[in-house]
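In the two assemblies presented below, subunit A is common to both, partnered first by subunit B and then by subunit C.
So, the complex of A and B:
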């Protein structure tokens, strides 16, 4: 029965209270462990299409009569348009329409960051559109940009408001502490670098609008577009069958979509608006830089007494306050915690969610601080974390938490320290470090799926979700196949179209599997029940003795009938099952946990750092597809290595202009940078969470990587790296500081 | 007008001088298996073979191809690497995958059993943001299985 509830909804650490209609989740969870299909490795169902180049991405769409749009983006970080003329652009060859500030809500005459959209042109070819954009005449009044996050925080120039959190009495606890460690950590701006740039193709059909878009949230785009245009939501159809990466940056409609919609309206033709790589790296969002001023107070035995931090997010011109303070609030059993978070509004490109926003940055600070404390106490890092293990950080219990088991499994990797250090060779020093992971990932309602079973004995799962490359379509197919007793290749999965499937959740916040999976299982169960009812009548059996297995209807007394025979009776009739995601457990915190152990080699003469091995142990509930899951873990760690060592969006400190908007200057990891990666997933179903007990895995693996590497560097060299990326300059600075500290301690000069 | 041999077929491309091979393939011939991710020769998503040699088609001009046979992902449909990539789960979003497979096909043509070091050297010009690298290495190591 459908039930109306008031509940807390979480996406990527942002909470809101919402009314929801939820349906009871009446299914019992499967027992723990691998089943016929669920829990066993499955090849990606979309694999052949993607590998053959047959998968059609938004970038590949060619509609008849389609025009191409190009956008004039602000060349200044902060400016005002004094005068603009589209006349020469409109007269250029092939141009069909041009729009400027005031014509579309996303076009501005007061850009607050380089790359903000000002005007746009639609032409027959992209070359003509770009040539016409160059003919737009603009007179600029260039203003001084605000670029310093501390200055913005001090002035109160924020995106939203500062947030404060406090439990216990931090000042008193710090006064009582035996040891206090204070440190300032900094993290840099990182670009999502999705390979398919942000783009859409928009076409009006009468008073209805089709939006083909590279997106992580089909229904979110539908609602945003309909809301801004004042259209009934179902007059907007949003399509995304395949998409080339998002990592958090493609949850909304984006300026390109609204530009394409307006130009399509003016020309009566479909319009594509696709960002170039350089536009992408300016205007499509980023992981914002942070400054974290942290303090920990502890007893000599390692018991944490107080944690406190001032966090300044360099949010940029737009975005939201990613919870950089989240790990400090949630990870450890510490009675006294105080945090303040300032989302600084700057004349820099806007932040957008990027794979565990806030927690990646905050875990770097907190987990390095914990290791600096461990070093000061001369205490084992793993032991310090066990000693301060949290059983709850507020009055709500965890739906499940097996972090202690993760720590136990980490021992064998942590225990390699002596042998790793012993492999130090000349200037190359080796060491091992670890860091814990905490993050959300429980998903939630609403989410729906339908299952259609025809007389050919094949099933089709239909839902308007998107697979952003994480392999969720495969996991969903496995769940349906398991419940229908069919081999995977007899289950098709149809997604990607708001007009042709029920509501599906956003593919962000590690939520697709835990949100959609239970709905798909419920829909498949509903279809299976109907098949069995028909079989019971056809073969004169009691319904309760029948089940579906291996493509057959089987009875407990040994009878077996091929599914095609049963559903073959239907001719053109079809069995339709439907399922909905039930509610999350009331009054419980649903979180994911883990630990990573990194091994590094540092050349103390040149500052070069190489990551040689990362062991990742994560607790994300039941694992549906171990093969796809290991790929997610590897991908997260590799992005984490880029974040730690090489990626850095650089700004000119005077003008605020981006210096490296291209892939030759913005350094993504290559195949040659990849260490040995060992993945272990606990695979313990969360007994309180849905009919699956599965949490999400997209984000957890990137959370602890940077801190684990930095802590391994300390183990190898004694140097405290506190700033990302750990460039050679940062590495050499930390080494110099460590030598200076040693020299002071011993009172004698040492050779450098 | 340039006449190109692409995947064994002859095509006349009526495009202006300066058109890139990537645009010619995608826009003129509808061969959209070749992806463009940076359009300036930095990432490898657009890799095709010219006379067996991997090149970035986004910085190769149609008018400079000449006699050299062009092989795109569409010309490698029957290559065992396709299945090897799927088996090893060597793709996530899949946008860089055709380029990866084209590069890998040139590698295994020259060297059917490349070492880890050789794979890493040959494939370092093909970026993958999803981080499928370990599985790509596995796929190339096991393509003959």
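So, the complex of A and C:
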């Protein structure tokens, strides 16, 4: 039965109170452990299609009569359009329409960052469109950009309110502390670098609109487009069958979609608007830089007395305050915590959610601070974390938390320290570091799925969700196959079309599996129940003795009938199962946990850092597909290594223009930078969370990587790296500082 | 745009044309509007390719050089550590020598001195990848690993007009002449002569393990007591270090001081390797 509830909804660490219609989740969880299909490794169901080039991405789409759009983006970080003329562009060969400020809400004549959309052209070919954009005449009034986040915070130029949090009495606790460590950490701006750039193809069909888009949220795009255009939502169809990465940057419709919609309207033709790589690296979002001024106070035995932090997010021209202070508030049992977070509004490209936004940056600061404390107390890093283990940081219990078990499993990796350090050789110093992970990932309602079972004995799962490349389509197929007693290859999964399937939630915040999985299971169970009812009548059995297994209806007394024989009775009719995601447990915090242990080698003469091994132990509830899960962990760690060592979006300090908008200068890690990665998932179902007990895994693996590497560097060299990326320059600076410190401690050497 | 594919050096090459071999540098520069031409001339039909003892055709790809055991170590390593396999499969030896700077201000068409302007944006701006020597007028860093190796090996080249040492191909830009090479318009590098030293080596510091221009590259060769050290990524041209002590004469910018430290370490290491 449907029930209306008032509940707190969390996506990417952002909370809001919403009314939700939820359906009861009547199914019992499966017992812990692997089942026939769920919990066993499964290859991606879309793998062959992707490998053979048969998967159709938005980038592959070519509709009949389709025009190509190109966008004039601000070449200045802060400017005003004094005069603009589209005349020459409109007269250029192949041009069908052009729009400027005022024509579409996303086009502006007062750009606040480089790359903000100002005008656009639709032409027969992309070459013609780009050539025409070059003919748009603009007279600019260029203004001085504000680029310094501290200056913006001081002036109160923020994208939202500064947020403050306090529990206990930090000042009193710090005064009582035996040891106080203060440090300033900085993280840089990094880019999502999705392989498929942001893009959409839009086509009007009468008063209805089709939007083909590379997106993480089909229904979010539908609502945003319908809302902005004043259309009934059902007049907007959104399609995304395959997509080439999003990492948080594709949760909305984006300027390109609204540009394509308007140009399609003016020309009566489908219009494609796709960002080039340079546009992508300017205007599609980023993980904002942060400054974190942190203090920890503790007793000599390591008990945390106080944690406090001032966080400045270099949010950019637009965006929201990613919770950089989150780990400090949530990770440890510390009575006195105070944080303030300023989301600085700057003339820089806006941030967008990026794989655990805020927590990646905040974990780097907090977990490095904890290790600096451990070093000062001469205490074991793992022991310090166990000592301050949180059983709750507010009144609410955790739905499940097995971080202590993660720590226990980390011991064997942490225990390699002596052996790793002993492999130090000449200038190469080796060490081991660890860091804890905390993040959300519980998903939530509403989410729906249907399962259709035809007379051929094949099942089709239908839901309008999207698989952003994480392999969730495979996990969903496994869940349905498990419940229907069918091999995976007899279950098809249809997704990616708001006109074909029921509502599905956003693929962000590590939520697809925990949001959609329970709905798919419920739908499959509903279909299975109907099959068994028919079988009971056909074979004159009692329903309760029947079940579905290996493609057969089996009876507890040994009878077995092929599924096709039962569903064959339907002829062209079909069984339709329906399922909904039930509510989250009331009054509980649903969080994911973990720990990573990194081994590094540092060349102390040249500042080169090599990550040699990362062990990742995460607690994300039941694991549906261990193969897909380890692939997520590997991807998160590799992205984390890029964040830690080489990626850095650079700005010219005078003009605020991006200096490295291409992949030759913006340095993603290559395969040569990838270490040995050991993945261990606890696979303990969360008994309070849905009929699956599964949490999400998309984001957790990137959260602790930077801190684990930085802490391993300290273990290897004694140097405190405090700024990301840990470039040669930062590494050599930290080494120099460490040498100075040693010199002061031991007095000046008498001879060199 | 017209594409010519001459098969003989006697075929006329129009004056408004742009020469390319592998295209790994010219094509991106054309696309970014930093180069412009009415006619492209694919020189692969007229520039020798292949290795014959110490003579190397200027059209030989980096990929061909890195797998040939007869090639001196410094050059082989410089090729192996350059770019990516895809780029090395296309890029030619001479093309590598003639590549433009990676200075982001130049690549993004800021009106800098190399573009004829009156300021070096990197000096006051973001310059972590820039020069520590010869950087008074222009702070760009020469990106070629191969050039440093060839100069260290004492290589010479034959062009359509003359013979010259590879070291003499390069010049620091000045107010009067902003060019970074001495090559004349239409002059084509045909062949290189690369002497075999007793020992040689190339070491390179990068921002990631592969596919990165040198933060600092150090090429060195020794025959008898004769020792040559040449640095890549530290000056607008490949930089010959007269002695290891000459590193003390570096004039780093605030953001490139760390390169001196890296250069010191790598120079120490190449000297050990040559001993």
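Quick notes on this one:
The criterion applied here is as follows: the second predicted complex is superposed on the first by the 748 of 752 C-alpha atoms of A that agree within 3 Å, B and C clash if a C-alpha of one lies under 4 Å from a C-alpha of the other, contacts with A are read in each partner's own complex, and residues count from 1 in each chain.
Quick note on the criterion: contacts are C-beta pairs under 8 Å (C-beta built on N, C-alpha and C of every residue); 3 or more make two chains touch, one makes a residue touch a chain.
This is a predicted model, so every value here is computed, not measured.
In the superposed model, A:195 lies in contact with subunit B only, and not with subunit C. Residue contacts after overlaying the shared chain place A:2 against neither subunit B nor subunit C. Looking at the shared chain after the overlay, A:733 reaches subunit C, while subunit B stays out of its contact range.
Shared-chain residue A:422: touches no atom of subunit B or subunit C. Subunit A is touched at more residues by one of its partners, and among subunit B and subunit C that partner is B. Once the two complexes are laid over each other on the shared chain, residue contacts for A:627 go to subunit B alone; subunit C is not touched. Touch criterion met: A:672 reaches subunit B and subunit C at once.
664, 669-670, 672 are the residues of subunit A that lie in the contact sets of both subunit B and subunit C, per the superposition on chain A.
Taken in their complex, subunit C has these residues touching subunit A: 84, 102, 104-105, 107-108, 121, 124-126, 128, 205, 207-212, 215, 255, 258, 261-262, 265-266, 268. If you check the complex, the residues on subunit A that touch subunit C are 427, 603, 605-608, 610, 645-646, 650-654, 657, 659-660, 664-665, 667, 669-670, 672-673, 727-729, 732-733. Note for the complex: subunit B touches subunit A at residues 26-27, 30, 32-40, 42-43, 45, 72-74, 77, 82, 85-87, 89, 91-98, 101, 119-121, 123-124, 126-137. Listed in rising order, the residues of subunit A touching subunit B in the complex are 43-44, 46-57, 59-60, 62, 192-197, 242-245, 247, 276-277, 468-471, 627-628, 630-631, 634-639, 662-664, 668-672, 674, 677.
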